[in-house]
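Listed after this line are the structures, all set down as structure tokens.
Across the two complexes that follow, subunit A remains constant while its partner is subunit B and subsequently subunit C.
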Partner chain A sequence: MNTRQLVTVFLLALFCFGMILLAGCARQEEEGNVIKIGVAGPMQFIHGQHHMLGAQMAADEINDAGGIKVGDDYYTIELVKIDTNELLSVDDASSAVEKAIAQDNIDLLVGTIRTEAAVAIQELMMDHQKIYITCGASFKEMADKVSQDYDRYKYWFRLTPLNGELLAKASLLLLQHVGQVMKDDYGIETPKVAVVCEEAAAGDTLAAVAQQVIPSFGMEVAGVWRPSPQATDMTAELAAIRDSGAQIIYTYLSSSGGVTYARQWGELKIPAASVGINVEAQSKGFIEATDNYGNYEFTLNTYAPVEITEKTIKWYEDFIAKAGEFPTYNAGTYDALYIYKEAVERAGTLDLDAVIEEMEKTRFTSACGIQAFDENHDVIWGPEYVTAVGTQWQDGELKCVWPYDWQGITYPGTVKYQLPPWVEEALQK
Partner chain B sequence: MLANILVTTLVNAAAYAMLAVGFSLIFGVGRIINLAHTAYYMLAGFSIYTLVATAGCPAAPAVLLTIALITVIAVLCYKLLIDPMREHETTVLIITIALALVFQELMLKYFGGQFRSVPSLARGFFVILGVQVTRQHALTCMVLVLILGAVWLLLQKTRLGLAIRATAQDKEVANLMGMDVSRIAAITAAISAALAATAGALVAPLNILEPHMWLHPLTIILAIVVLGGLGSIKGSILGAVIIALSESLVIFLLPQGSFLKGAFSLLIMIIVLLIRPEGLFGVALEGER
Partner chain C sequence: MIRDMMGRIYRNFKGEILVLPGRTLALLVGLAIFIAPLLTRDIYILRIITLTSIFAVFAASWDLLSGFVGQLNLGHALFFGVAAYTSAMLNLYLKLPPLLTIPLGAIAAVAAGLAIGIPCLRLKGQYLSLATLAFPIILKGVVYIFKQYTGGELGVSGISRLAGSRLAECYIALLLGVSLCLLIWKITDSKLGLIFHAIREDEIAARASGINTTAYKLLAFCLSGLFAGIAGGFYAHYMRLAGPSMLDVMLSFQAIIWTIFGGIATVYGAVTGVVILFPLMEVMRAFPEIRMLFFAVTIVIVLRFMPEGVAPWFLDRVEKECPRCKERNAFTRRNCRVCRTLLIAGKEVSAGTEGQTGHPTD
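For the complex of A and B:
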């Protein structure tokens, strides 16, 4: 190699090195003004789609308004869509999030729905010391870890839904409401209640709590049925419930079994009012999925088209306009982004300890109520905070029917709960 | 309670038998364990949903069009993927399960994971022996009887039926007698797929329409046909009744364990196989080999 060739190679190498340095600097500058937020959920399903849409709506609004103000600088939000596939394979969830941490370098994570996936992701995010706001899983023990080992779990928060124990309490208030209607309108002093809770971790809690609490409401437990979450046929269970003489069915159904149940309950006109938690009954497609037999199904819900706060109706309508669907609790990612934004802006820094300290002081007016966190970083339930709502399908429309003068609360737009006509007929007999 | 158990058993058995008969038929003739059988049922459900709910087609033409469409798809899959590998049973198993997964992913991609329903052909219910039975369940029972009659007539009274039975009994001898065994297996595959598509019209409205809906019935019909004896149609009917009865018993006698109904059915299958490894009416495959 002669001198001329050596110089050429040297110049080329210098040029390449310079380009790499420039690209690095540009990337650093670009990343310096961006906060990457991972949105994790099963993206082929409505749950993940609502995680994504909620986050997208918030990110668009925040970015359009200039971004997140940190001191004198503004940061834009970049969302990283993470398909966890957790409804079909829990194992996929951790690896998808791990990839987002390693390759996409996310700063924050929101979403996830299945407890098994959320618990694994919680550990992963704590290992990496990154903030993780759960919007979808109700497992109470995730929150207990915060008080047990604050230094490790302080990065974790839950926004939606309420934890399992609170869900049980709130859904049993709906049951009490139906029992009261039967007592007031038909003089039924001790309604018989069939407990139908799917065989799952949350179902265990709700079935146990329901059996303890129902007698204290002046009601009687007619029997307990534990179908599979994916039950494809419930005619036998419904026939047995009818045989038991139950006048109310208290449900916890979080998966496809909820559609099967409601469809067959409506088609067979089982003479017992259905109330509790039926996650599928929160979605717009429920009436079609039940072949129009899902009317009168009464379920605990997070959002409803009533004035829970001044934000609710506009946000609810905006969401429907974009998604073509009612928002489910997974759309809480919208609030998660705003809560993080406000905490960062109050802290004036991206330093995690300072941001977490501010997040702990959150009092955010969201579409589902006033959101604040308890000492375990779990969303607070109560009359002055998030109450949850009870929604019922009436004439093919989802109506808010609870709270109805509960602790003095009736959100404007709430209507009266309706017993199914075939149940009224049976009660009159 | 007894009437409840009996009626629930019969209506559920009809739905199971509807799916199991076609599965059993193709095994009896082609010795093909077609794990894609319930995927055809799932495809039929989506086809009827699309034609009725989206395109506004009346139910009856939608069902007929679907049966024709699914049959064509099944025959194409059989000729292109299964027939060349027919002698390799394990390969066929893998091909059919892969085929089912491909159909599932295609439906997931196109329709998403939302739960839908296939409109019922008959709405409402009536009461038999004090037990409420949906009209769709009753229709399924009636059509099952008609289909069983038609399959019996086909197998017993036609030249094609004779050829199918001959191939099922001994395909080498049937081949030596000049029968086109491959063609007969393809015709049986078409009949089997048509039965799966009919099940899609009758049983799918009883369930939820979603891309994974083929998995649960596959487990149940495997239990049914193994219990009744692989390849035996009457075994499939009896197997369906036994499995439906065991499920009803669990729900009525052990309500808190109703999620165990599937496991209990499979336990019964294992017990029967321990006593009669070939199932109730099946052929002894070990002897055949």
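For the complex of A and C:
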């Protein structure tokens, strides 16, 4: 072995050990009067970017206003960006969060989206007895754990989206709304509904609930179709739906299949109105992605440019100005920071038990409604709380069309739901 | 008597470990890893050490089957996932402790090894690889079908911890990792390992020599499944979750990448690959935008300049193999430590002729 080889080997060994040491020693010095908040999400994707932007907007506003008042002191917020890579790797997600806990000393965690990762992170955060506000995963059982073992899981809260069961309820209200329009305007007494739920856990729940509930709405189930979440062709399903004589399609599509579905539904002019949950239809690029065939797609949403509360429109516009994209439910990190701030200020201490007690009493006016937590620390859904909204693409613009006189609620700016013209034609025939 | 025994251990230690730079370095790194948890107590460092130990066993188990026997398994995550799900479900539904669920999970992985091995051993080469690739995908489908038990895409969560503290978990993982990797290494270094080598190099010749190659290949599937299964069960209890990501194609490919990066068909290469790459990727969390790019570029560079892997490349530079007795020697030695052959590149000189004319022997 010559000198050059020796140097190479030495440098390689040094590099490896240096890297390991760096990982261990890369601690930041503790600063006084700082609250560190971890923002966890897949930062290379829109979900994580919305987590981060929502939290950043709130942190900037709170810090500009002096910070969080704890007793007589003011604490500034320092955000710790945690790229969980959770869409690709679950252990990456929990490792990233554990690093933030151990080395960045975060006091609070907000974010995460993939349920499998969120469940692992929930356990991790409870082990470390740190507050974790989920803004992205809808798995209902995460909340059930709070009542099953309060002492362990009391640190967990969910802000967005609604849990799976509530999402099903709210999306079925949209279906009922469309059914009512058909009954009122076209005299169709028993509309036939095709259920299209992607092959996924949430899709299973929604498909089962829909089949059970639809007859009680005075409608008939024409059939159930379960496409792949990433389907690139749905003509077979859509042709079968046309043949089934369905007048409404109830959807649950959370992935890229939502674009395929909407494009082909509009292109083939399937004579059935589309309503339900299509996550892709919540994004700004949807109408372009569907070559304008996505018009009239009607989906449940968290935010809309209407006066859900006095904060909504300004916040919605600010978010679009910064992100260039409509806010998704992941941007609920914005509200999570304010809810934490208010709870700490009411408690007057950073003591966790006192802060949790105050968080349980939360009644926060956010951009998506009045946010409060139930006994399982899950966000409450209802007319006086967060209702969710129904948005429809009309002439290339996303409009809020629901609630429309639901429980006496119509948010100012809400417009009337429109049936697609080819569906109207078919109904008239 | 004790003095004699101690003396023998010391002589073996000096004669078998300290005499070779590779083994000395491995010992030092091992010692550093064992001591690190006591010095830091940082849960993140403990996590990295724990996961590194688990994945070292996982990668070594892939090396046993694919590196030594030549049965290229592209779906190694199957063993990991089967054991993880079995352990998690036994723990959750039957309330069995991890001490029982991990071995039972490993047995389930062995059964999975048999289930794959029996139909797949009729296949060879890329056909075998493609068939193995299909099994975790099939199992993932099964997981989704029986979601009332497996939790579907959400997995099985809420299972018990391995031990009361992170430190204890870390040391259990370390001890398990070291002992299982040594066991795998001993297997490959035994007569069984020789048969595995023979099957990989020329299966027809091995069969002609009277070796029941089908039985041995099946045994390799089962052994590989056993070790990967222990790693999988351990991982499930550490993460307190068994989910479909444990059956991902990416996890299978990770075992392959770690092993090829470190050096295939060596066992220590697989362990080296994990020990370098896993912590390195954690360090790269500081640069999330370039993390995966860095990973890919590192792999490409290493494979370009060290095609046999990091560990063999390093050993080739710090150790020399005696051309006569094939024993390894430190690069500083002029003579073989066993047969005294002169170790000079390109020629060898037997003991006794050193310093004379230098006629090559053997």
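Methods note: the second predicted complex is superposed on the first by the 399 of 429 C-alpha atoms of A that agree within 3 Å, B and C clash if a C-alpha of one lies under 4 Å from a C-alpha of the other, contacts with A are read in each partner's own complex, and residues count from 1 in each chain.
Going forward, a residue touches a chain if its C-beta (ideal position, glycine included) is under 8 Å from a C-beta of that chain, and two chains touch if they have at least 3 such contacts.
What you see is a predicted model, and the numbers here were worked out from it, not measured in a lab.
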Subunit B versus subunit C as contact partner of A:Lys99, first or second or both or neither: second
Have a look at where A:Gln44 lands relative to subunit B and subunit C in the superposition and call it first, second, both or neither. both
On the A-aligned overlay, A:Val415 touches which partner chain: subunit B = first, subunit C = second, or both, or neither? neither
Where does A:Arg263 make contact in the superposed view: on subunit B (first), on subunit C (second), on both, or on neither? first
When the two structures are overlaid on chain A, which partner does A:Glu116 contact: first (subunit B), second (subunit C), both, or neither? second
Given the touch rule stated above, what does A:Phe139 touch, subunit B (first), subunit C (second), both, or neither? second
Quick check for you: in the superposed arrangement, does A:Ser89 touch first (subunit B), second (subunit C), both or neither? second
Check whether A:Ala289 is in contact with subunit B, with subunit C, with both or with neither, and answer first, second, both or neither. first
Check subunit A for residues that touch subunit B in one structure and subunit C in the other, and list them. 44, 88, 199
Contacting residues of subunit C [partner subunit A, same complex]: 25, 36, 40, 42-45, 47-48, 51, 144, 147, 152-155, 157-158, 239-241, 243-245, 250, 276, 279-280, 282-283, 285-286, 288-289, 291, 314, 317-318, 331
In the complex, subunit B touches subunit A at residues 1, 4, 8, 11-12, 15, 53, 108, 112-117, 119-120, 123-125, 131-132, 134, 137, 205-210, 212-213, 216-217, 247-248, 251-252, 255-259, 261-262
Which residues of subunit A touch subunit C once you look at their complex with the stated criterion? 1, 5, 8-9, 12-13, 16, 19-20, 22-24, 26, 43-44, 81, 83, 85, 88-91, 94-96, 98-99, 101-103, 115-116, 119-120, 123, 139, 141, 145, 199-201, 204
Using the touch rule from the top, collect the residues of subunit A that touch subunit B in their complex. 42, 44-46, 49, 87-88, 198-199, 223-228, 230-233, 235-237, 239-240, 242-243, 256, 259-260, 263-264, 267-269, 280, 283, 285, 288-291
